[in-house]
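Note that the chains take the letters A, B and C in the order they are written out, and that residue 1 is the start of every chain.
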């Protein structure tokens, strides 16, 4: 620590250069944070899936419906605690770019299935009493400025109304909060009975089911049992844990993770060049001073340490500011203004970011530091 | 450093440099003894090898052949790390161009060698103050090198050299970049350090006026020493 | 004129001096250049994804083709039309006629789950039921391996893109879809269009397998000319028996790809923009140190009577040259690494997979180069101004 003033004084020698270097490192770590959040967004929160929840869907494709009659049959399966149904509504609010998920569900089993969606007792009661009632997540509500009591029209793209019109109207009776940071509060749920009675086509069919199993260790066995039950019927099923379902869904996009990693590699390569160049210049123009330090008794390792310390301090300053700025930007919301269900800076990635800061500091400084350590004093002083 | 022998004992010292295909013999079988308490001026034309000799005695460079002992210790074969530690404790170096760190204040510059010791911050501050007092710069401690005159910068350099209380001071053209008045001040200071503080001083210079301040003068020419200047 | 000539020769002389000292600063210069190359690489890479998708969509759309969907449907998947409605569309004014009658193709569109080869996880692969006129409405479709499916049989032909990206679509393989087992009998190309991501079967057999009766999801029609579209659309939307939305095929595809390419382009630009900011800081560093390394030289030139304009320009030219070299390197590398790289992703608008190739166009390379030059300009300008403002006397004294 007693060398800190020396390291600090050296960084202040060329203030502009130090500032520019710190800024470029800062930018790299803002990008790092932002891309981490984007990766989470693309992964759709796989890690927040309930371990005791399974998804049952049509074997051929998610868009193929399943009979409503499956519910009772699955409830009878040993180890299944709860069954909740849902359908993809796919309505449009005002214009197609205002995308958010809407699903008709049965309030009772649904809210029991997803305790992470928190609703007040009054809101629960209101939903039970209002046939056209809908509950919306707080992120979604704030995105469109909705409040309880608002009447929201949606244009059906898949499910025309029985009366031939495409417009469905819903009354917002509740705004649910997420139990955790990673809970999706961008969705819109309304009552299946209203949907069932008002849709013009597809009566008796639902999109998919969620199951809750008593013992997650028996998930595979129960999934096989259910798929076996409906094998060779006109609607065969595919049952899998919720996290596998979500992961599969995310994988449809392609290898986003690899692309983002590639981009980050390019970013860090660029920044390493910038920071490494700064350190190389710093050492080059200070040859005589470093030699003098060695002359008065600093060891090669000591000089190397001074240069590395300088480079680490540069990286730490830029990195800490960058990670903080990324964290702040991400916490202010996603770039689509609320359409992404998951957008935050994961703690693991933050830790990895700190490790990357150290890496950048060491990698940028190591060559110039070795060079400084190897300086021949007599030659360097003569210059 | 103890013993009754010479403080600096140089035997059959050779130093050769390679410049392209040509080999240059800078020092060629040189012998030198410097007793404790001496104030020796080394003179010689430029390129005569006087700075090289000083560098070898200070452990900044290694001889091609021969021995260098300081205080009874062979330093010509000491490993780099130990040599650095030895320099920090036993020799003080004063350079022609001062070699102060421009980013540090006078005080911080003087403190540098003490950073290599285990002394507490308080003790370091005390010694720095003493050293600056000895060189007469107690009131300039917070100044940066660029805010000081050449003579003052050299005084800071000397303070840095004596702050660890070494027995041997090696000065390479300490007045080479100074005007007459400033030079006289520096030479007086070196003389005082020699007389009153018991420092052994070895000074390389090409200025007869500076050399005259020393107790004895040796001339270096063509890699050899003599008491008389070369004709 | 003479003044200009003199000025230009000053610029040339100063620039030559600057470039002559470049080798002494090769480390810093290379760092600035590579930094800019990295930015251009990322920019061109990301935009080549969007371009690839856009190209695939564009190739699919014929200017004289129109698509008819149920009102409210934003894609084929969500649409539904009865057999009679499809017939009404075929008979509408403006539809061109071929040997077999009107060039209208009523099509069925479903998706099936097939594992992606790369991840092994299910992907939404489009399965299209087609009729005999389909091949006249989409003339680019051509079987390249195996044979065409036989009408009335549970056989499919598979787009080459789909066969490459998804498992279980090799010649001779079978698929259990709906209440039928289908055999893959051929592979087809569609001039690089979207159809290459699809599986095609006889619509009548597919209707039966899905219990769809006589219903379709979309009708594609080839019009007598692109100008006939207005008449065609008006006739259909005015018909009380129909409840449809009519679009040109080009518009439809533009709409289908807008979301996906918009996200990719937006993200790519933000990322490359931020990276570019970092690289500009690096370039500034390099050029500032280039100027300070040349302080004496610049001061000497100024003392000899060179004016400050040429000095400014020489610094700018150096920085832009470095940037241009970086831009060319980054763009070239992107072209070598990514152009033609084939992959698949989901198009959220149609909820189905689209296979495409990354496409690095000359336009993208030019865009990358422009970015590089802008970075060079921003990175060079402040140091250039500093060079021009050097106090001559003080700079001459400097070591």
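A few remarks follow.
Keep in mind that, in the parts below, a residue touches a chain if its C-beta (ideal position, glycine included) is under 8 Å from a C-beta of that chain, and two chains touch if they have at least 3 such contacts.
Fair warning: this is a prediction, and the values are worked out from it, not measured in the lab.
Central chain assignment: A. Criterion: smallest distance from chain C-alpha mean to the mean of all protein C-alpha atoms.
Seen from the C-alpha centroid of subunit A, the farthest chain centroid is that of B.
Spacing of subunit A relative to subunit B, judged by their CA centroids, is 64 angstrom. In whole angstrom, the spacing between the mean C-alpha positions of subunit B and subunit C is 70. Annotation: 25 Å between the Cα-based centres of subunit A and subunit C. Those residues of subunit B that touch subunit A in the complex are listed here as 51-52, 55, 58, 60-61, 80-81, 84-89, 93, 95, 97, 99-104, 108, 112-113, 115-116, 121, 160-161, 164. Against subunit C, the residues of subunit A that register as touching in their complex are 16-17, 20-21, 23-25, 27-28, 30-31, 34-35, 38, 59-64, 90, 92, 96-97, 99, 155-158, 160, 164, 166, 201, 234, 238, 247-248, 251-255, 262-263, 266-267, 269-271, 273-274, 276-278, 280-281, 335. Here subunit A touches subunit B in the complex through residues 2-3, 5-6, 9-10, 12-13, 288-289, 291-302, 376-378, 381-382, going by the rule given at the top. Residues of subunit C touching subunit A in their complex: 27-28, 31-32, 34-35, 38-39, 41-42, 45-46, 71-74, 77-78, 80, 110-113, 116, 118-119, 121-124, 176-179, 211, 243, 259, 266-267, 270-271, 274-275, 277-279, 281-282, 284-286, 288-289, 343-346, 348, 351, 353.
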